[in-house]
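Each of the next two complexes has subunit A plus one more chain, namely subunit B in the first and subunit C in the second.
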Partner chain A sequence: MAVRKMLDIPVNRVEGDLELRLEVADGVVVDAWSTGTMFRGFERLLVGRGALDGLVVTPRICGICSTTHLMAAAKALDAVTGAVVPDNGVRLRNLALMVEHVQSDVRHGILMFLADYANPAYAHLPLHDEAVRRYAPLAGEAVVEAVRETKRIIEIIAMIGGQWPHSSFMVPGGLSYGPQVTELLQCRHVLDAYRAWYERRILGCSIERWMAVDSLAALDAWLEEAQAHRDSDVGFLLRFGRAAGLDKLGGGHGTFLSSGSLDLPAETAARGTGGHLIPAGFARGIAVEAFDPAAISEHVAASWYAGQDGGRHPSEGETEPYASGEEGRRYSWVKAARYRGGPAETGPLAERVVAGDPLFTDLLARQGANALARELARLTRPATLLPTMAVWLSEVVASGGRDVYVNPGPVTDGEGCGMIQAARGSLGHWVTVRQGRIERYQIITPTGWNGSPRDSGGVRGPWEEALIGTPVADADNPVEVGHVIRSFDPCLVCSVHTVRKGRTMGRARLEA
Partner chain B sequence: MSRPARIICVGNRLLPGDDLGPRVHDLLAGSALPDGVELVDGGLYGLDLLRSVEGAGRAVFVDAVAGFAPPGEVVALGRDEVSALAHGAWGHDAGLPHLFHLLPRVCDGELPEILLIGAEHPADVAQVAARALAEASRP
Partner chain C sequence: MSFLNSESPDVLQLFSSLGINVLHHPSLSNSSATQQASQLEVLGAGELPLDILVVEGAVLRGPAGTGMYDTRGRRPKKDIVAALARQARFVVAAGTCASFGGFGAQTEIEATGLQFNRAEPGGFLGADFRSGAGLPVINLSGCPCHPHVLAGTLTALVTGTELSLDQFNRPLSWYSMMVHQGCTRNEYHEYRVEEETFGEKGCLFFHMGCHGPLVTGPCNKLLWNQRSSKTRAGVPCFGCTSPDFPQNHPFFHTRNIEGIPLDLPNGINRAHYMVYKVMAAAAAPERLRQRRTEI
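So, the complex of A and B:
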């Protein structure tokens, strides 16, 4: 008879804003429920406030992606006002957002994902000692180096926005501050230094060499080619990840969404698709379709919100907390974001699949989606962004840094949507302005897609589905579950940081 | 010129109970600060405050704390005491303990004296601000 048991796992150290309930049979996950345990309520907080307040309030949603929320809020107001952002405004907004991405991708890879390689569960693997030396929490050589090297890149946001932290420099029509050429040249210096380090340590090769890796066979050849490749963080991610079987974990529904991001300026040397550097699209497997924002809906059948049966488009969405008493059926404060009625994963892997990237298309065709491919896409995403960052910075410098703003006039009544790709995937802000005030504000974060609960049809969210089939060798140290969840880079609450004496123990938790 | 003392206020001004740092910031921002004392709105950040710490002679953090003393009582915690609370991998929820723990190995230049002034909610903002200012102004 199969041994079945339930396992409750808080996913972060502070007693849980994300908890997983897993049904495990014979050491394998057979069902999963993901619970967002904290009501945020930013949408309600914004109702009745001034039309521009989203620019100041929404960056406080996240202590990691504040520029990302600022960008989505500004683009939603661009849409309301009909603002046309001048080219230098587009470039500088993009640059600030890309800084956040290239910092977040490296920090997630080194400090969060690779930290699990130092888990005692892998003590039997030959590479474990090296993993501990490199990635042990708070002590690993790569950890210290990553913190040192990623701290300076945010100076670019400070110079573009005129302030750090808590810059609200993006406004409808462009930027509220025009950086001086001397500041832009400093940005260039910081960017060049970051790229040099990223190539040397994270990739172990030039970005050009990495971008030539266009298939699974080419990836194997790249690993064989040089010791520097194998010793790099990407090389180690692959070598250890394959030895630990991470390329066989965390499949999921096999549907991918990118809402498109980083608008191309009217005149630029950068190349993109459909007006974006990061293309928009939806993919089933590797078959990519055009993206239609009208096909997004949010379900609350399994969420603690009052509301409709079926889905509702976010421009008509409500955020009305509803403690139902229907224990079990509703189990999360996260709504279920759906595309054409079905779940979709979003994030760096989805971006690469939708873009038709040859390496990730081949990986998916041969292996299917998996935790290792997801993290590989994240840790190598800066390679797809850093060269264009340099192009846009040079273009702003060449034009003297002028024309970053066109006044769109007062914010009139209307509706607008700002959709971009955050570091963790698709982010949308939908705003309705009436008589100068916010009448409705709805936000769908990447975790609203990836970490969604079941929808009206009872279909699991992406990481719930990805957990099915995951082995749990040790219920007290479910490291395999950690790999799957962390490969999505869940957005946990990073906006409450009270220093707390002691900590609660007693349940299995995901940490190294 | 000697290195400044920086009062770095952290917390979430939108969340009662975690808004002590921002409220102290707002109070001090409206006052004339002594020479050599600078004020930083550190908001939600953790590791990204590194650049605000570097170059200071003393960094006085202000944040809500829990479990160190009865609510409202102002406490002063040293770097070692706070960094001892860091454990596990860095995550989205990592805060000052991680920053304090890593500081000696990631801070460029001379490591400033590090101090955390805090109180558990509810606290008298003026009292916390006065203590932070006193610590920052100390010779």
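So, the complex of A and C:
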């Protein structure tokens, strides 16, 4: 007879507060419930405030994606006012957002994901000593470098928008003020230096060489090709990850969403799809279809909210905390975001699948989604962004740097939506303004997709599903669970609206 | 995350040069949940010395005082904060939420700062609380707290350097200067050359809701990310170091009486100020009126 037990696991090294309840049978996860443990209520706090206040309040939801929330808030207000942002405004907004992404991808990869390679659970692996030397928290060689370099790239956001995190320099119509062209030239030095470091340490090769890796076979060949490739962080991610079996962990539903991001300026040398550098789309497996924002809904059947059964579009959503007596059914105040009624994972891997990237399409076709592919997509995403960042920066410099704002007039009445890709995936802000005040504000974050609880149909959220089948060798140190969860790069601070009442659900808590 | 942007020293250099052993950090530590739980127990029992407790984020007391809006292992996190604060030699509140409650104060989540609730002394630990070293909670307000302020405070505590505190228990070194000191728009402020819309050169105080002359903080002295500040980039100061942050009235808007801001720089006589600003505007040189002076 199978040995079944329940595990309650607080997960650290994620942004925010996450607890998992796992049902484990014979050392393998057979069911999972994901709970954020903190209710913050930012959306409710915005109701009744000034029309522009989302620009100040929403960046403060999160210290990592501050600029990203600002972009979504500004785009929602662009839509309300009908503002047409001038090309340099578009370029500099994009550049700032991309800086946030390329620092976040590296910080997550090195400080949060690869730190698990230094876990004592892997002491038996030949690569473990090297993993400790590289990724030990606060001390590893790669950690020291990542802290230093990611800090420098952020100087670009400060030169454009004053500070990072928590500035409010994107406003309906463009930017609050345009940097001088000499400051933009400084940005170029900072960008060039980051790219050089990223190529040398993270990739171990030029971005051009990396982008030529277009299949699983080509990835293997790349690893074989040079010691520098194997020694890079990407090389080590792969070598250790395969030895530890991470390419066989964390499958999930196999549905992927990208809402599209980084609007192309009217005139630019950069190439994109459908007006975006990062294309929009939805994929089942590797079959990609067009993205329809109207197909998004949020369920609260398993969430601590008062409200309807079934889904509701975020433009009509409510955020009413509701600690009911339905203890057995409701277990998270992360709402369940759904697309055409079903769950979808979002993030760098989803972006690459939707974009039809040959490497990740091949990886998925051969292996299915997995924790290693997810993190590989994240750690190599800067390779897809850094060249275009240089293009846009040059274009702003060439046009003199100014013309970043067109006044769209006062924000009085209207509805607007700002959907972009955050570092962790699809982010949407929906705002309704009446008589200069916010009447409604709803946000769906990437973790609202990835870390969602069950929906009205009882279907698990993406990382709940991805945990099914995960082995748990040591209940006191469930490192495998950490890999699966962290491969989604959870950000609970953005997503939780959670209150957790004391309850047992008839299950024992496993004490250490 | 802002703290990771500290420069000379960076965070890791800071810890190693001061000999700080980081027992736990939610985003960086590699210990398992079981190890963390036993460490919390040992710390709470005073069996492992806790020199410095740094708290980020407000203490959530809702709903109805239970603290169950913010839990760890189905235990209110506020209980953990209380247990650790009792054992710590120094307690530091990093950011406005931990200092004064911030966004969640006066809302359904019943957030409070550690020793203040907005400007009211008391907060979670009570006005009389003193840490092991005999000090109140040291408040490093700001949203976020400037990384150098946190690094500087930790350095002072570890090296036994005395920090004089203001009425809100913030170190005077950083909180006795106005945010607008050092703003590159000061010329425009001085002569009341005003910005009325985004994208212009001019002072943001008179129309755009800037709190630079109203609140204290080192933004324009230390600068952010070694480079700039919001006000330099045309973003009004929102007064995020203030116990009253966030304000209830709309951002990006200055409340006026007769064209003069309702909220005037601390300690100023309104009548004198009005006369001074009328004369200053009249004296504004052409290079400012024509917005030729760079920011």
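Everything that follows uses one rule, which is that the second predicted complex is superposed on the first by the 483 of 512 C-alpha atoms of A that agree within 3 Å, B and C clash if a C-alpha of one lies under 4 Å from a C-alpha of the other, contacts with A are read in each partner's own complex, and residues count from 1 in each chain.
As a working rule, a contact is a pair of C-beta atoms (placed from the backbone, for glycine too) under 8 Å apart; a residue touches a chain by one contact, two chains touch by 3 or more.
Remember, predicted model here, so these are calculated numbers, not experimental data.
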item	value
Contacts of A:P137 with subunit B and subunit C, given as first, second, both or neither	both
Partner chain in contact with A:I64 - subunit B first, subunit C second, else both or neither	both
Partner chain in contact with A:N407 - subunit B first, subunit C second, else both or neither	second
Partner chain(s) touched by A:G82 [first = subunit B, second = subunit C, both, neither]	neither
First (subunit B), second (subunit C), both or neither touched by A:C491	first
Partner chain(s) touched by A:K151 [first = subunit B, second = subunit C, both, neither]	both
Of subunit C and subunit B, partner touching more subunit A residues	C
Touching partner for A:A115 - first (subunit B), second (subunit C), both, neither	both
Subunit B versus subunit C as contact partner of A:F169, first or second or both or neither	second
Touching partner for A:R107 - first (subunit B), second (subunit C), both, neither	both
Intersection of subunit A interface sets (partners subunit B, subunit C)	12-14, 17, 45, 57, 60, 63-64, 107, 111-112, 115-116, 137-138, 143-144, 147-148, 150-151, 154-155, 164-166, 498-503, 512
Interface residues, subunit A side, partner subunit C - complex	8-15, 17, 19, 37-42, 44-45, 49-53, 55-57, 60, 63-64, 107, 111-112, 115-116, 118-119, 136-139, 143-144, 147-148, 150-151, 154-155, 157-169, 171, 173-180, 321, 323, 404-405, 407, 436, 476-478, 498-503, 512
Subunit A-facing residues of subunit B, complex	10-15, 17-18, 41-51, 63-68, 77, 82, 85-98, 101-102, 105-106, 108, 116, 118
Residues of subunit C defined as touching subunit A within the complex	1-2, 4-7, 10-12, 15, 22, 25-34, 36-38, 60, 62-63, 68-74, 103-104, 107-109, 143-144, 197-200, 219, 223-235, 238, 240, 246, 249-253, 294-295
Subunit A - residues contacting subunit B, complex	12-14, 17, 45, 57, 60, 62-64, 66, 107, 111-112, 115-116, 137-138, 143-144, 147-148, 150-152, 154-155, 164-166, 490-503, 511-512
